[in-house]
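Which chain is which? They are A, B, C and D, in the order written, and residues in each are numbered from 1.
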Amino acid sequence: MKISVQQEDFDLGAEVKAIARGNPKVGAVASFIGLVRDINDGTTVGAMTLEHYPGMTEKALETILAEARTRWEILDCTIIHRFGELKPTDQIVLVVVASGHRGDAFAACEFLMDYLKTKAPFWKKEQTPEGGRWVESRDSDDQAAERWK
Amino acid sequence: MKISVQQEDFDLGAEVKAIARGNPKVGAVASFIGLVRDINDGTTVGAMTLEHYPGMTEKALETILAEARTRWEILDCTIIHRFGELKPTDQIVLVVVASGHRGDAFAACEFLMDYLKTKAPFWKKEQTPEGGRWVESRDSDDQAAERWK
Amino acid sequence: MKVKVLFFASIREKVGTGTEELELPVGVASVDGLRQHLRARGGAWAEALAEGKLLRSAVNQDIVPGTNPVKAGDEIAFFPPVTGG
Amino acid sequence: MKVKVLFFASIREKVGTGTEELELPVGVASVDGLRQHLRARGGAWAEALAEGKLLRSAVNQDIVPGTNPVKAGDEIAFFPPVTGG
(Lines give C-alpha, C1' and ligand atoms only; values in the text may rest on other atoms or scores of the structure.)
Protein backbone atom coordinates (compact mmCIF):
# COMPACT_ATOMS: atom_id res chain seq x y z
CA MET A 1 0.00 0.00 0.00
CA LYS A 2 1.45 3.35 -1.03
CA ILE A 3 0.20 6.82 -0.18
CA SER A 4 2.01 9.86 -1.47
CA VAL A 5 1.19 13.58 -1.40
CA GLN A 6 3.70 15.17 -3.71
CA GLN A 7 4.45 18.05 -6.02
CA GLU A 8 5.97 15.87 -8.78
CA ASP A 9 4.02 14.22 -11.57
CA PHE A 10 3.36 10.47 -11.56
CA ASP A 11 3.36 7.68 -14.16
CA LEU A 12 0.24 5.49 -14.24
CA GLY A 13 1.92 2.69 -16.19
CA ALA A 14 4.83 2.46 -13.76
CA GLU A 15 2.55 2.58 -10.70
CA VAL A 16 0.29 -0.18 -12.01
CA LYS A 17 3.26 -2.37 -12.91
CA ALA A 18 4.65 -1.85 -9.42
CA ILE A 19 1.51 -3.08 -7.66
CA ALA A 20 0.11 -5.77 -9.95
CA ARG A 21 2.98 -7.33 -11.81
CA GLY A 22 3.94 -10.74 -10.59
CA ASN A 23 1.24 -11.44 -8.02
CA PRO A 24 -0.86 -14.28 -9.47
CA LYS A 25 -3.68 -13.57 -6.98
CA VAL A 26 -4.41 -10.26 -8.74
CA GLY A 27 -7.16 -10.68 -11.31
CA ALA A 28 -8.32 -7.07 -11.52
CA VAL A 29 -6.66 -3.67 -11.42
CA ALA A 30 -8.92 -0.63 -11.48
CA SER A 31 -7.31 2.77 -11.76
CA PHE A 32 -8.33 6.37 -11.98
CA ILE A 33 -6.55 9.57 -12.98
CA GLY A 34 -7.97 13.03 -12.38
CA LEU A 35 -6.68 15.78 -14.67
CA VAL A 36 -6.95 19.55 -14.77
CA ARG A 37 -9.59 20.69 -17.27
CA ASP A 38 -9.45 24.04 -19.03
CA ILE A 39 -13.03 24.78 -18.07
CA ASN A 40 -14.89 24.48 -14.77
CA ASP A 41 -18.46 25.63 -14.11
CA GLY A 42 -18.41 27.41 -17.45
CA THR A 43 -15.28 29.46 -16.76
CA THR A 44 -12.01 29.15 -18.67
CA VAL A 45 -9.24 28.03 -16.34
CA GLY A 46 -5.62 28.82 -17.15
CA ALA A 47 -3.88 27.22 -14.21
CA MET A 48 -4.61 26.23 -10.66
CA THR A 49 -2.92 25.88 -7.31
CA LEU A 50 -3.68 23.01 -4.97
CA GLU A 51 -3.11 23.74 -1.30
CA HIS A 52 -3.19 20.99 1.30
CA TYR A 53 -2.77 20.42 5.02
CA PRO A 54 0.56 18.58 5.36
CA GLY A 55 0.32 15.77 7.87
CA MET A 56 -3.46 15.74 8.00
CA THR A 57 -3.67 14.87 4.32
CA GLU A 58 -1.58 11.72 4.70
CA LYS A 59 -3.48 10.80 7.87
CA ALA A 60 -6.84 11.24 6.11
CA LEU A 61 -5.71 9.09 3.19
CA GLU A 62 -4.53 6.33 5.52
CA THR A 63 -7.88 6.39 7.33
CA ILE A 64 -9.80 6.27 4.05
CA LEU A 65 -7.72 3.37 2.79
CA ALA A 66 -8.14 1.43 6.05
CA GLU A 67 -11.91 1.93 5.76
CA ALA A 68 -11.88 0.69 2.14
CA ARG A 69 -9.95 -2.42 3.20
CA THR A 70 -12.68 -3.36 5.66
CA ARG A 71 -15.26 -3.21 2.85
CA TRP A 72 -13.53 -4.81 -0.13
CA GLU A 73 -10.72 -7.23 -0.90
CA ILE A 74 -7.76 -4.99 -1.67
CA LEU A 75 -4.55 -6.85 -2.47
CA ASP A 76 -2.64 -3.65 -3.10
CA CYS A 77 -3.37 0.04 -3.52
CA THR A 78 -1.58 3.20 -4.59
CA ILE A 79 -2.87 6.70 -3.90
CA ILE A 80 -0.98 9.73 -5.19
CA HIS A 81 -2.26 13.29 -4.88
CA ARG A 82 -0.31 16.27 -6.14
CA PHE A 83 -0.21 19.79 -4.74
CA GLY A 84 1.19 23.10 -5.97
CA GLU A 85 0.84 24.74 -9.37
CA LEU A 86 -0.98 22.76 -12.06
CA LYS A 87 -2.17 23.66 -15.54
CA PRO A 88 -4.82 22.15 -17.86
CA THR A 89 -4.07 18.54 -18.94
CA ASP A 90 -1.78 18.05 -15.90
CA GLN A 91 -2.47 15.00 -13.76
CA ILE A 92 -3.78 15.72 -10.25
CA VAL A 93 -4.66 12.47 -8.56
CA LEU A 94 -4.13 8.74 -9.05
CA VAL A 95 -5.84 5.80 -7.38
CA VAL A 96 -4.96 2.22 -8.30
CA VAL A 97 -6.59 -0.79 -6.64
CA ALA A 98 -5.55 -4.40 -7.23
CA SER A 99 -7.94 -7.15 -6.22
CA GLY A 100 -8.89 -10.71 -7.05
CA HIS A 101 -12.11 -9.63 -8.71
CA ARG A 102 -13.27 -6.62 -10.70
CA GLY A 103 -16.25 -5.74 -8.52
CA ASP A 104 -14.03 -5.09 -5.50
CA ALA A 105 -11.41 -3.24 -7.54
CA PHE A 106 -13.95 -0.88 -9.12
CA ALA A 107 -15.91 -0.22 -5.93
CA ALA A 108 -12.82 0.47 -3.81
CA CYS A 109 -11.28 2.72 -6.46
CA GLU A 110 -14.45 4.78 -6.85
CA PHE A 111 -14.98 4.93 -3.08
CA LEU A 112 -11.44 6.23 -2.55
CA MET A 113 -11.85 8.84 -5.28
CA ASP A 114 -15.19 10.04 -3.87
CA TYR A 115 -13.60 10.49 -0.45
CA LEU A 116 -10.53 12.19 -1.90
CA LYS A 117 -12.79 14.74 -3.57
CA THR A 118 -14.92 15.39 -0.49
CA LYS A 119 -12.95 14.65 2.68
CA ALA A 120 -9.23 14.98 2.07
CA PRO A 121 -7.92 18.44 2.99
CA PHE A 122 -7.16 19.90 -0.43
CA TRP A 123 -8.23 23.29 -1.70
CA LYS A 124 -8.18 24.36 -5.29
CA LYS A 125 -7.58 27.93 -6.48
CA GLU A 126 -8.18 28.50 -10.16
CA GLN A 127 -6.63 31.23 -12.31
CA THR A 128 -9.34 32.57 -14.60
CA PRO A 129 -9.41 35.58 -16.95
CA GLU A 130 -11.06 37.45 -14.03
CA GLY A 131 -8.28 36.50 -11.60
CA GLY A 132 -7.79 33.81 -8.96
CA ARG A 133 -10.82 32.18 -7.34
CA TRP A 134 -11.07 29.52 -4.71
CA VAL A 135 -13.24 26.63 -5.95
CA GLU A 136 -16.43 26.17 -3.93
CA SER A 137 -17.37 22.75 -2.55
CA ARG A 138 -19.69 20.88 -4.89
CA ASP A 139 -22.97 19.31 -3.90
CA SER A 140 -22.55 16.57 -6.50
CA ASP A 141 -19.30 15.48 -4.86
CA ASP A 142 -20.89 15.38 -1.43
CA GLN A 143 -23.70 13.27 -2.80
CA ALA A 144 -21.21 10.89 -4.40
CA ALA A 145 -19.55 10.38 -1.02
CA GLU A 146 -22.90 10.11 0.79
CA ARG A 147 -23.94 6.97 -1.08
CA TRP A 148 -21.20 4.91 0.60
CA LYS A 149 -22.68 5.48 4.04
CA MET B 1 -12.36 5.25 -30.01
CA LYS B 2 -10.21 2.14 -30.38
CA ILE B 3 -11.29 -1.49 -30.30
CA SER B 4 -8.74 -4.23 -30.75
CA VAL B 5 -8.95 -8.02 -30.42
CA GLN B 6 -5.39 -9.19 -30.54
CA GLN B 7 -2.92 -11.86 -29.50
CA GLU B 8 -0.19 -9.39 -28.46
CA ASP B 9 0.14 -7.85 -25.01
CA PHE B 10 -0.78 -4.21 -24.39
CA ASP B 11 0.68 -1.32 -22.39
CA LEU B 12 -1.75 0.50 -20.08
CA GLY B 13 0.47 3.55 -19.68
CA ALA B 14 0.85 4.01 -23.43
CA GLU B 15 -2.87 3.50 -24.09
CA VAL B 16 -3.91 6.03 -21.46
CA LYS B 17 -1.43 8.59 -22.72
CA ALA B 18 -2.77 8.08 -26.24
CA ILE B 19 -6.36 8.84 -25.30
CA ALA B 20 -6.09 11.46 -22.55
CA ARG B 21 -2.94 13.43 -23.12
CA GLY B 22 -3.47 16.87 -24.53
CA ASN B 23 -7.28 17.11 -24.49
CA PRO B 24 -8.12 19.76 -21.87
CA LYS B 25 -11.78 18.60 -21.76
CA VAL B 26 -10.69 15.32 -20.13
CA GLY B 27 -10.96 15.54 -16.36
CA ALA B 28 -11.23 11.83 -15.58
CA VAL B 29 -9.71 8.63 -16.94
CA ALA B 30 -10.93 5.35 -15.49
CA SER B 31 -9.19 2.19 -16.56
CA PHE B 32 -9.35 -1.49 -15.86
CA ILE B 33 -7.01 -4.41 -16.50
CA GLY B 34 -8.05 -8.03 -16.14
CA LEU B 35 -5.23 -10.50 -15.47
CA VAL B 36 -4.92 -14.28 -15.40
CA ARG B 37 -4.97 -15.59 -11.84
CA ASP B 38 -3.29 -18.83 -10.81
CA ILE B 39 -6.43 -20.03 -9.10
CA ASN B 40 -10.05 -20.08 -10.23
CA ASP B 41 -12.94 -21.65 -8.30
CA GLY B 42 -10.40 -23.26 -6.00
CA THR B 43 -8.40 -24.97 -8.74
CA THR B 44 -4.79 -24.18 -9.58
CA VAL B 45 -4.52 -22.89 -13.12
CA GLY B 46 -1.27 -23.23 -15.04
CA ALA B 47 -2.23 -21.58 -18.29
CA MET B 48 -5.32 -20.83 -20.31
CA THR B 49 -6.43 -20.41 -23.88
CA LEU B 50 -8.92 -17.77 -24.94
CA GLU B 51 -10.93 -18.58 -28.03
CA HIS B 52 -13.09 -15.97 -29.73
CA TYR B 53 -15.40 -15.53 -32.70
CA PRO B 54 -13.47 -13.34 -35.15
CA GLY B 55 -15.69 -10.71 -36.67
CA MET B 56 -18.50 -11.13 -34.20
CA THR B 57 -16.22 -10.11 -31.32
CA GLU B 58 -15.35 -6.75 -32.87
CA LYS B 59 -18.99 -6.22 -33.83
CA ALA B 60 -20.15 -6.98 -30.27
CA LEU B 61 -17.58 -4.58 -28.82
CA GLU B 62 -18.66 -1.80 -31.18
CA THR B 63 -22.30 -2.34 -30.20
CA ILE B 64 -21.44 -2.29 -26.50
CA LEU B 65 -19.40 0.89 -26.87
CA ALA B 66 -22.16 2.61 -28.86
CA GLU B 67 -24.61 1.70 -26.10
CA ALA B 68 -22.26 3.08 -23.43
CA ARG B 69 -21.95 6.35 -25.36
CA THR B 70 -25.71 6.85 -25.23
CA ARG B 71 -25.60 6.52 -21.45
CA TRP B 72 -22.52 8.44 -20.40
CA GLU B 73 -20.25 11.21 -21.62
CA ILE B 74 -17.34 9.38 -23.20
CA LEU B 75 -14.70 11.63 -24.74
CA ASP B 76 -12.54 8.71 -25.75
CA CYS B 77 -12.35 4.98 -25.11
CA THR B 78 -9.96 2.11 -25.71
CA ILE B 79 -10.95 -1.56 -25.49
CA ILE B 80 -8.36 -4.28 -25.99
CA HIS B 81 -9.08 -7.98 -25.51
CA ARG B 82 -6.47 -10.63 -26.07
CA PHE B 83 -6.96 -14.19 -27.32
CA GLY B 84 -4.74 -17.25 -27.53
CA GLU B 85 -2.45 -18.77 -24.90
CA LEU B 86 -2.12 -16.89 -21.63
CA LYS B 87 -0.49 -17.75 -18.32
CA PRO B 88 -0.97 -16.48 -14.76
CA THR B 89 -0.11 -12.75 -14.32
CA ASP B 90 -0.61 -12.12 -18.07
CA GLN B 91 -2.91 -9.28 -19.00
CA ILE B 92 -6.19 -10.31 -20.69
CA VAL B 93 -8.35 -7.27 -21.16
CA LEU B 94 -8.07 -3.49 -20.98
CA VAL B 95 -10.80 -0.86 -20.88
CA VAL B 96 -9.94 2.85 -20.65
CA VAL B 97 -12.61 5.56 -20.60
CA ALA B 98 -11.87 9.29 -20.72
CA SER B 99 -14.61 11.69 -19.68
CA GLY B 100 -15.11 15.17 -18.28
CA HIS B 101 -16.18 13.79 -14.90
CA ARG B 102 -15.29 10.79 -12.81
CA GLY B 103 -18.83 9.44 -12.39
CA ASP B 104 -19.22 8.91 -16.12
CA ALA B 105 -15.72 7.48 -16.53
CA PHE B 106 -16.19 4.91 -13.74
CA ALA B 107 -19.72 3.88 -14.75
CA ALA B 108 -18.88 3.46 -18.44
CA CYS B 109 -15.69 1.52 -17.67
CA GLU B 110 -17.46 -0.89 -15.32
CA PHE B 111 -20.41 -1.25 -17.70
CA LEU B 112 -18.08 -2.15 -20.58
CA MET B 113 -16.20 -4.67 -18.42
CA ASP B 114 -19.42 -6.33 -17.23
CA TYR B 115 -20.55 -6.73 -20.82
CA LEU B 116 -17.16 -7.98 -21.96
CA LYS B 117 -17.36 -10.69 -19.31
CA THR B 118 -20.93 -11.74 -20.12
CA LYS B 119 -21.77 -10.91 -23.73
CA ALA B 120 -18.64 -10.76 -25.87
CA PRO B 121 -17.95 -14.10 -27.58
CA PHE B 122 -14.89 -15.30 -25.72
CA TRP B 123 -14.39 -18.73 -24.21
CA LYS B 124 -11.75 -19.63 -21.67
CA LYS B 125 -10.10 -23.03 -21.39
CA GLU B 126 -7.94 -23.52 -18.33
CA GLN B 127 -5.06 -25.92 -17.96
CA THR B 128 -5.27 -27.50 -14.50
CA PRO B 129 -3.35 -30.36 -12.89
CA GLU B 130 -6.32 -32.55 -13.99
CA GLY B 131 -6.08 -31.39 -17.62
CA GLY B 132 -7.90 -28.80 -19.70
CA ARG B 133 -11.35 -27.61 -18.73
CA TRP B 134 -13.66 -25.08 -20.34
CA VAL B 135 -14.70 -22.46 -17.82
CA GLU B 136 -18.42 -22.46 -17.09
CA SER B 137 -20.44 -19.25 -17.29
CA ARG B 138 -20.73 -17.56 -13.91
CA ASP B 139 -23.92 -16.44 -12.29
CA SER B 140 -22.17 -13.54 -10.59
CA ASP B 141 -21.06 -12.17 -13.96
CA ASP B 142 -24.57 -12.42 -15.37
CA GLN B 143 -25.92 -10.59 -12.34
CA ALA B 144 -23.30 -7.87 -12.77
CA ALA B 145 -24.49 -7.31 -16.34
CA GLU B 146 -28.18 -7.50 -15.36
CA ARG B 147 -27.98 -4.44 -13.13
CA TRP B 148 -27.43 -2.14 -16.12
CA LYS B 149 -30.79 -3.03 -17.63
CA MET C 1 -28.09 -22.56 -51.59
CA LYS C 2 -25.73 -23.03 -48.69
CA VAL C 3 -25.28 -21.83 -45.15
CA LYS C 4 -22.04 -21.56 -43.17
CA VAL C 5 -22.12 -23.20 -39.76
CA LEU C 6 -19.55 -22.36 -37.07
CA PHE C 7 -18.79 -24.11 -33.77
CA PHE C 8 -16.78 -22.70 -30.90
CA ALA C 9 -15.07 -23.82 -27.71
CA SER C 10 -16.33 -27.10 -26.17
CA ILE C 11 -18.86 -27.58 -29.01
CA ARG C 12 -16.10 -27.22 -31.60
CA GLU C 13 -13.93 -29.73 -29.77
CA LYS C 14 -16.76 -32.26 -29.43
CA VAL C 15 -17.93 -32.19 -33.05
CA GLY C 16 -14.31 -32.04 -34.23
CA THR C 17 -14.69 -29.10 -36.59
CA GLY C 18 -14.90 -25.34 -36.31
CA THR C 19 -16.66 -24.58 -39.56
CA GLU C 20 -18.75 -26.32 -42.16
CA GLU C 21 -20.51 -25.35 -45.39
CA LEU C 22 -23.89 -26.99 -45.59
CA GLU C 23 -26.72 -27.24 -48.10
CA LEU C 24 -29.69 -25.92 -46.12
CA PRO C 25 -31.90 -29.02 -45.82
CA VAL C 26 -35.50 -28.82 -46.98
CA GLY C 27 -37.79 -28.05 -44.05
CA VAL C 28 -35.07 -26.42 -41.94
CA ALA C 29 -36.16 -22.83 -41.36
CA SER C 30 -34.88 -21.92 -37.90
CA VAL C 31 -31.77 -22.17 -35.73
CA ASP C 32 -33.47 -24.89 -33.67
CA GLY C 33 -34.37 -26.72 -36.88
CA LEU C 34 -30.73 -26.67 -37.97
CA ARG C 35 -29.59 -27.82 -34.56
CA GLN C 36 -32.04 -30.74 -34.71
CA HIS C 37 -30.81 -31.62 -38.21
CA LEU C 38 -27.18 -31.69 -37.05
CA ARG C 39 -28.08 -33.64 -33.92
CA ALA C 40 -29.64 -36.33 -36.11
CA ARG C 41 -26.09 -37.20 -37.29
CA GLY C 42 -25.77 -39.00 -33.96
CA GLY C 43 -22.59 -39.72 -31.94
CA ALA C 44 -20.64 -36.60 -30.91
CA TRP C 45 -23.13 -34.41 -32.76
CA ALA C 46 -26.07 -35.74 -30.77
CA GLU C 47 -24.11 -35.20 -27.57
CA ALA C 48 -22.71 -31.73 -28.32
CA LEU C 49 -26.03 -30.34 -29.54
CA ALA C 50 -28.27 -32.39 -27.20
CA GLU C 51 -31.69 -30.98 -26.45
CA GLY C 52 -31.74 -29.26 -23.06
CA LYS C 53 -28.05 -28.49 -23.28
CA LEU C 54 -27.35 -24.81 -22.62
CA LEU C 55 -26.20 -23.45 -25.98
CA ARG C 56 -26.06 -20.01 -27.49
CA SER C 57 -26.54 -19.35 -31.16
CA ALA C 58 -25.82 -16.46 -33.49
CA VAL C 59 -27.03 -15.69 -37.00
CA ASN C 60 -24.80 -13.39 -39.02
CA GLN C 61 -22.89 -12.55 -35.83
CA ASP C 62 -25.88 -11.48 -33.76
CA ILE C 63 -26.92 -13.56 -30.76
CA VAL C 64 -30.41 -14.89 -31.46
CA PRO C 65 -32.90 -17.27 -29.84
CA GLY C 66 -33.34 -20.75 -31.28
CA THR C 67 -36.60 -19.71 -32.93
CA ASN C 68 -34.74 -17.25 -35.18
CA PRO C 69 -35.22 -17.99 -38.91
CA VAL C 70 -32.28 -19.10 -41.05
CA LYS C 71 -32.01 -18.73 -44.78
CA ALA C 72 -29.53 -19.48 -47.54
CA GLY C 73 -26.33 -17.46 -47.26
CA ASP C 74 -26.56 -17.07 -43.47
CA GLU C 75 -23.62 -17.59 -41.09
CA ILE C 76 -24.95 -19.61 -38.16
CA ALA C 77 -22.87 -20.27 -35.04
CA PHE C 78 -23.34 -22.59 -32.06
CA PHE C 79 -21.38 -22.09 -28.86
CA PRO C 80 -21.57 -22.44 -25.07
CA PRO C 81 -22.39 -19.42 -22.88
CA VAL C 82 -19.50 -16.98 -23.19
CA THR C 83 -16.80 -16.80 -20.48
CA GLY C 84 -14.67 -13.87 -21.59
CA GLY C 85 -12.21 -11.52 -19.89
CA MET D 1 0.21 26.87 27.75
CA LYS D 2 -0.10 27.47 24.05
CA VAL D 3 -2.07 26.11 21.11
CA LYS D 4 -1.06 26.13 17.45
CA VAL D 5 -3.67 27.57 15.10
CA LEU D 6 -3.56 26.92 11.35
CA PHE D 7 -5.48 28.59 8.52
CA PHE D 8 -5.83 27.30 4.97
CA ALA D 9 -6.93 28.44 1.53
CA SER D 10 -9.27 31.46 1.42
CA ILE D 11 -9.19 31.79 5.24
CA ARG D 12 -5.38 31.89 5.22
CA GLU D 13 -5.39 34.54 2.52
CA LYS D 14 -7.94 36.71 4.33
CA VAL D 15 -6.29 36.66 7.75
CA GLY D 16 -2.88 37.00 6.14
CA THR D 17 -1.18 34.16 7.99
CA GLY D 18 -1.06 30.37 7.74
CA THR D 19 -0.01 29.57 11.29
CA GLU D 20 0.05 31.19 14.67
CA GLU D 21 1.11 30.21 18.20
CA LEU D 22 -1.39 31.46 20.71
CA GLU D 23 -1.73 31.49 24.48
CA LEU D 24 -5.07 29.73 25.01
CA PRO D 25 -7.23 32.55 26.46
CA VAL D 26 -9.02 31.98 29.75
CA GLY D 27 -12.57 30.78 29.16
CA VAL D 28 -11.88 29.38 25.69
CA ALA D 29 -12.62 25.66 25.86
CA SER D 30 -13.96 24.73 22.43
CA VAL D 31 -13.24 25.25 18.74
CA ASP D 32 -16.19 27.63 18.52
CA GLY D 33 -14.85 29.52 21.54
CA LEU D 34 -11.48 29.95 19.86
CA ARG D 35 -13.13 31.04 16.64
CA GLN D 36 -15.12 33.66 18.55
CA HIS D 37 -11.95 34.85 20.29
CA LEU D 38 -10.15 35.29 16.97
CA ARG D 39 -13.18 36.97 15.41
CA ALA D 40 -13.10 39.57 18.18
CA ARG D 41 -9.86 40.88 16.65
CA GLY D 42 -12.12 42.55 14.08
CA GLY D 43 -11.29 43.52 10.48
CA ALA D 44 -10.22 40.61 8.25
CA TRP D 45 -10.49 38.25 11.23
CA ALA D 46 -14.14 39.12 11.82
CA GLU D 47 -14.85 38.65 8.14
CA ALA D 48 -12.91 35.41 7.56
CA LEU D 49 -14.30 33.71 10.67
CA ALA D 50 -17.75 35.38 10.60
CA GLU D 51 -20.57 33.56 12.35
CA GLY D 52 -22.72 31.69 9.85
CA LYS D 53 -19.81 31.35 7.42
CA LEU D 54 -19.34 27.75 6.31
CA LEU D 55 -16.05 26.68 7.89
CA ARG D 56 -14.51 23.37 8.74
CA SER D 57 -12.28 22.82 11.70
CA ALA D 58 -9.82 20.16 12.77
CA VAL D 59 -8.21 19.42 16.12
CA ASN D 60 -4.96 17.51 15.97
CA GLN D 61 -5.65 16.74 12.30
CA ASP D 62 -9.11 15.22 12.80
CA ILE D 63 -12.15 17.02 11.40
CA VAL D 64 -14.35 17.95 14.37
CA PRO D 65 -17.53 19.96 15.00
CA GLY D 66 -17.26 23.45 16.51
CA THR D 67 -18.34 22.09 19.88
CA ASN D 68 -15.17 19.99 20.15
CA PRO D 69 -13.06 20.85 23.22
CA VAL D 70 -9.60 22.39 22.81
CA LYS D 71 -6.80 22.25 25.32
CA ALA D 72 -3.24 23.43 25.67
CA GLY D 73 -0.88 21.79 23.17
CA ASP D 74 -3.58 21.18 20.55
CA GLU D 75 -3.15 21.91 16.85
CA ILE D 76 -6.36 23.63 15.72
CA ALA D 77 -7.08 24.37 12.06
CA PHE D 78 -9.73 26.47 10.32
CA PHE D 79 -10.45 26.05 6.62
CA PRO D 80 -13.23 26.18 4.02
CA PRO D 81 -14.95 22.98 2.85
CA VAL D 82 -12.39 20.90 0.97
CA THR D 83 -12.28 20.89 -2.84
CA GLY D 84 -9.66 18.28 -3.63
CA GLY D 85 -8.80 16.19 -6.64
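We adopt the following convention: a residue touches a chain if its C-beta (ideal position, glycine included) is under 8 Å from a C-beta of that chain, and two chains touch if they have at least 3 such contacts.
As the structure is a prediction and not an experimental result, all values here were calculated from the model.
Relative to chain A, the chain whose mean Cα position lies farthest away is C. With each centre defined as the average position of its C-alpha atoms, the distance from chain B to chain C rounds to 27 Å.
Between the Cα centres of chain A and chain C there is a gap of 49 Å.
For the pair chain A and chain B, the distance between mean C-alpha positions equals 23 Å.
Among all residues of chain B, those that touch two or more other chains are 34, 113, 117.
Of all possible chain pairs, those that touch are A-B, A-D, B-C.
By the touch criterion stated above, chain D contacts chain A in their complex at residues 6, 8-10, 12, 58, 61, 63, 77, 79-85.
By the touch rule above, chain A contacts chain B in their complex via residues 11-14, 16, 20-39, 88-89, 100, 102-103, 105-106, 109-110, 113, 117, 140, 144. Contact residues of chain A toward chain D in the complex are 34, 50-53, 55-56, 59-60, 81, 92-93, 113, 116-125, 134-138.
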